[in-house]
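Presented sequentially are two complexes of chain A, the first with chain B as partner and the second with chain C.
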Partner chain A sequence: MSRWPEWAFEVLRTVLALVVALIITFIIVLVVSAEPGEAFAALLGGPLGSPRTIGVWLDDVAKLTLAGLALSLVFQARLFALGAQGQAYLGGLAAGVIALSSLGQSWLSIPLGLVAAAVTGAAYGWIPGIIKARFGANEIVSTLMLNYIAIDVFAWLIRTRISPPGSGLTRSDPFPESAVYPTLIPRTRIDLGIVIAIIAVIAIWFYLYRTKRGFELRMVGFNPRFAEYAGINVPRTIVRTMAVSGAIGGILGAVFVQGSAYGELAVGFEGLITFEGILVAIVARNRPLIVPVAALFYGYLRQGAVLMGLRSDVPTEMIGIIQGVVILLVASAGLYGWLRASQANRAPDTDSDPDAPQPPIIGGGPLTEQAVR
Partner chain B sequence: MDAPFALEMRDISKRYPGGTLANADVSLDVAAAGVHAIVGENGAGKSTLMKILYGIEQPDSGAILLDGTPVQISSPARAIALGIGMVFQHFSLVPSLSVAENVVLGAEPRRGLVLDLPAALRSVGELAERFGLPVDPAATVGTIPVGQQQRVEILKALYRNAQILILDEPTAVLTPQEVAELFTAIRGLVARGRTVLFIAHKLPEVLAISDAITVMRGGRVVGNLRTADATAEELTRLMVGRDVSLQVARTSHAVGPVVCAIEGVSANNSAQLPAVNDVSFVVRSGEILGIAAVEGNGQSELLEVLSGLRQPTAGRITLGAEDVTGWSVRHLRQAGVASIPEDRLARGLAAEATIAENMVAERIDRPPLVNRGILDWSAIRRAATELVNAYGVRTSSVQVPVDTLSGGNMQKVVIARELSSQPKLLLAAQPTRGIDIGATEFVWQSLIQARNRGAAIILTSADLTELLALADRIIVLSKGRLVAAFPDPANLTPEDLGTYMLGAREQPAAERAMAS
Partner chain C sequence: MTELLTTIISATFFFAVIRTTVPLLLAALGGLLAELSGALNVALEGMMLSAALTAVIVSASYPWWIGLLAGVLAGMALGAVMALFHLRFGADVVLVGFAINLMAAGGTVFILAQATGGDRGTSLALPSKSIPRLSLSWLGAIPGVGGTLEAALSGHSYLTWATVILVAGIWFMLYQTATGLRLRAVGEYAPAAAAAGISPDQMRALGLILSGALAALGGVQLAMFNYIGFTRDMTAGRGFIALGAVLLGARRPGGVAIAALLFGAFEALAIVLPALYTSIPGELIHSIPFVVTLVALVIYARRAQLLTRRRVAGVEGAT
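Let's turn to the complex of A and B:
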């Protein structure tokens, strides 16, 4: 066929979207800023400015990667489950409870916190899985509702039970040092969380492409009717996928609260990063080995925008707008490729020429298909 | 030369961006007021040629002449303005609107700003009557049978004053009775001066309806024949490029013990309405049991029950000596049941998955391809490559998505996978629907080899000639009931089966029981 492989087009498309986003950003900055040069330098060069900012960037990347992995897993099964946020809060809560208990005095609280968070997240992912498999409930609705429940249960427990009595604070006491991830590079946020994220990337890749369960998951995503016919238990695969994804979401929570950035339980700690994980998963086309690459790029822009807000006269509202523009363009480029691929994969009917290009049909991709189900 | 042709296509070439040469110097002369058939296998370039004629695709070179005048057909709208209409295999109708509304949609008679419905009903009714296409203009399209929906599509074209009508594989979706009605309608159109281009690959139909035939292969015209001089054998040879034998020698072969016994099985369809009603029969090792039934008379549901995809509401199924009623797909597959599903793309394949993944998807629950839950990819690739070679699937690699294959090759992937497990019981639902002659020959031979090896095969087909050629015994289902059984189909004709299929006749219970 063509001399360029499809992934080259994808990279090109994403880079192009980034460039357009930067041009729009530049125009916005020119309009709102008296010192556009400095603002732009902060955006593009800021994250690399010091070991500290590099650390903040890489810490974000680790969290974006975990969120992107959790979502890639369900997306590959064509489940539009967005429960990573709730799983992160409850997983973080579980890890925090361990860190604040007497176990927190030992380094054992770190692995135990991870396990507790993974189990809690898996359980919270299992719930929408089982109600979808049993009753056919739409997982978009159920996972979003469960997110609200988790957020408010978490906030309520922090305020009434976990924060120091009478303090009125929305956070817990700091964890003991033994319960906080050791930093790999002193005075930066580069800590155990990055190692956990790397291990998770490899583990999820292995699960998806090297195990029988991963094979079943992908077949259910490709074509559930085929999976059923080939003897794969589709409902059970859906539930299992949601639970495994939930475990990653829970681990994300542990990495948040036990990471050196927090080291405490705080209301709203997750900062909507799980939703940015959707973007990472889309741009990476749900491939676990690409997720950290997408997270690196996206995390860099995210950090650059924050630094521009801090260091220049660009108003903070503009930062939000610029982030919105970047997300919109990059996500559309990612979605475009995804839709096009799924369109091309809709094999031609036996009556038409198999090599004939298919006309583009808007809205026929996996996302919308899932949305109407 | 006397009068100019209604349509001439001169040296049309079309290369798709991917590099595929879909049409190479194709020329076509179509006489007015006749039926001109264009036949060819999948990928022969018929569809591309028609898309060019209807303005969906633009040719790289060549010319199109209508009544001797060169025309540019830049879009379907232009084609319609020039009097060309096309009826696609997949209809584009609004199911919730009435027949008349669908026909006039986009060119409505108006009264003020609103649709003049009485006028629409009247003119569509007149049109239907004039061209012998009986259909109730007030009926809601979603509730009328497929055959009538097709008439609505034809009426749409006629309402826009089409002089040349392209019918793209119009019989693929029709029952034998509907095909007969369609042919009557086509003759009516021709009698009123319309020209019909008939795209097809079922040769008996082509020979029955057309006046002239153009055969395409590999993007080129390989033959122009007058139907009166053509034979099915000659057309097949032109289409495929070699001799093809669809004659099945009735060799004597050993029929063994009962493999599968179905006793009093009933089942519901997806809408939870009864679809299979108290059906009993057996199938033995080394025989093909054909099930003859009009689409939607319970045969699909019955095969789904036997493959484990659907739970029976009553009855018992035994496989060998075991009661397997209610077993899951996986357990039935492990017990030796394989199935070629009716809809290969929707059921039989994961289009975006690789050929290798499709080849082994039903075996990943056990060694040697999987050990303790971990896939052995080199074993999987080896197994898939062996099957690709053994079944002649044309591909460069087993690592490419299965949807890069042609329709016939996709069918081979399904058959290779299902036969590679050496099944005791093979369920084959419409195994040759939508595939061309070369691939059909392959499917038939595969089924016969499996039978001679001792497999018990249950075959359903909308194509009665296929059933009569392959089946050692035939049973007939009508409205989910077993109404007739024929232990020796050698002397049966499609008409014999037809009367039972339509429920017009029923064998006495004792005769059925003995034969089934």
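Let's turn to the complex of A and C:
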């Protein structure tokens, strides 16, 4: 028996996780649903049903890709920073302010909106970065708190300043047409957002694997102590990584609000998609070129679950079970020991092979972890 | 301003602070046990949520205490799942925690819809019970302060008082028993503990399962006392604020209790402020506990950093 390449294992692991998650879903649906056939058909076939649903799926894929990229970056540096949600809200806010200003009457509002969103997101990512690098403050807790704060500030500004005066609405006026992304295929949601996501994938891949800073980032994730001995400024790399990831998070916000699906600022627009980005990043093993692939698959299931909620008696929230099971199974490297053991020749351990893809192990270490000085 | 002061320095406000503190404190104690064993439990939020729903559904047909026990069992089961995937299958503990949070967020709504016959928002259709209040009306008989004491302390749930005992009990467990010592040893430096014959996995599994039980109690108090019934996402970040309380409390039970009390006070403040000052927007008041947690996190990290530096300097000075 020949030795399997490492990537084949990774693919196998992921497919197995997905299959197990789907089997569990099927069993639950069979138990609870009076119309399991309808539910399955919507979950697995629904997204391909019409050009409109395909458009919604691909629009979700663009957003999941951006969220997955933002998280992959920090995960590769072994930072469990989950600030993409807050960055998306504030980035979206910045893009929306530009779209609603007099600049919104010109096509310039689209590139300017992107830049404003990226800068705002980067600034909001810089905050947990600097307190992590300076004081060693746990980035999981800090980024989650910053998310809640951003959501509150966003809702407050929309209600009091941005919605039509006196209306008390939780949304702004619609943006002028020139400030909304043009659709690539008419009457679908397929718009400029997809192009932005693809460019972001290539840019982040280039940054991570073809630049010195990307190398430093990966070294810090690989082994901070070693990176320090190698002369890499670890705190600065941490701050920079969080800021770059924040820029992507901010761009995600712009793609949301200026995308054809919204074209306005609305409270709750992000719909927790950034947390689903965790799943995308984990399944993609934090590799930018795989992120869109994972997003395609997951986005399909996500859209299928929405249609299942609409067309059958099984609630959309069922997808939470799929999310959890997939993450658990993909993250559990040890669960697949028997797979390797069943081979005649054992594949080399990921740890001993420097060329092997990084395991999806990430984390902030204990809460009290010290800043790497 | 005087209005604010008279509101805050009142027995009713004190009562409200205790009410908001207890779920946070229980979850934070859970976070503490897991953290001391060296396994960061970011799933407190999902554990609270799952336990809250379990308790509500079970207590709709059984006595309140069976609902409470069922909630605790749900939390412990999630803790056991975390331990299984983290310790046995080698998954990162933070990832396992988030997987559990995602499953709990979606799963509770899913199960809620099943239990209520289609309601995906609240459990209004279920006649769920509450934890009984402990009346301390005899306090009112104390001359002078009696009335105030009664207003502040009478009428809390049994679980509230059990929480006070739990803080002491956990302190005792951690610092006066062999199990506590082993648990802390594993969290401090697992290889040394393993060399001394302690199984790190066993201690961490214990930490995670107890953590699940405590977070579950927090969720039960939320759904069977603070509010009666379940609402989707009713924990609203309390599990993560609890993690902040673990840090601010310097990873000691007493400290964690004080930190939780502080967060509870700000949450209670966020409840009374809108009535006093209509000019302060509700959204900003709502964000107070999160801002406080963030600031506390930085202060704690800074202090821990200084302590370590001093310790390192001390070691270097000695040699």
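Here, the second predicted complex is superposed on the first by the 312 of 373 C-alpha atoms of A that agree within 3 Å, B and C clash if a C-alpha of one lies under 4 Å from a C-alpha of the other, contacts with A are read in each partner's own complex, and residues count from 1 in each chain.
Criterion: contacts are C-beta pairs under 8 Å (C-beta built on N, C-alpha and C of every residue); 3 or more make two chains touch, one makes a residue touch a chain.
As the structure is a computational prediction, the values presented were derived from the model and not from experiment.
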item	value
Which superposed partner A:199 touches (first chain B, second chain C, both, neither)	neither
Chain B versus chain C as contact partner of A:80, first or second or both or neither	second
Residue contacts on chain A - larger count, chain B or chain C	C
Partner chain in contact with A:212 - chain B first, chain C second, else both or neither	first
Which of chain B and chain C A:325 touches, first, second, both or neither	second
Touched partner set for A:310, first chain B, second chain C, both or neither	neither
First, second, both or neither for A:159, with chain B first and chain C second	second
Which of chain B and chain C A:227 touches, first, second, both or neither	first
Which of chain B and chain C A:275 touches, first, second, both or neither	second
Chain B partner contacts - residues on chain A that touch it in the complex	1-2, 209-213, 215-216, 218-219, 222-223, 225-233, 341-342, 345-357
Chain A-facing residues of chain B, complex	16-20, 22, 42-43, 45, 47-48, 51, 89-90, 168-169, 172, 307, 309, 328-330, 333, 339, 341, 345-353, 357, 361-362, 364-365, 370, 373-375, 377, 401-403, 405-408, 410, 434-435
Chain A partner contacts - residues on chain C that touch it in the complex	35, 38, 40, 42, 85, 88-96, 98-100, 102-107, 109-110, 113-114, 118, 120, 187, 237, 240-241, 243-244, 246-247, 251, 281, 283-284, 286-287, 290-291, 293-294, 297-298, 300-302, 304-305, 308
Partner chain C, residues of chain A touching it in the complex	32, 80, 131, 135-138, 140-142, 144-146, 148-149, 152-153, 155-156, 159-160, 275, 278-279, 282, 313, 315, 317-321, 323-325, 327-328, 331-335, 360-364, 366-368, 370-371
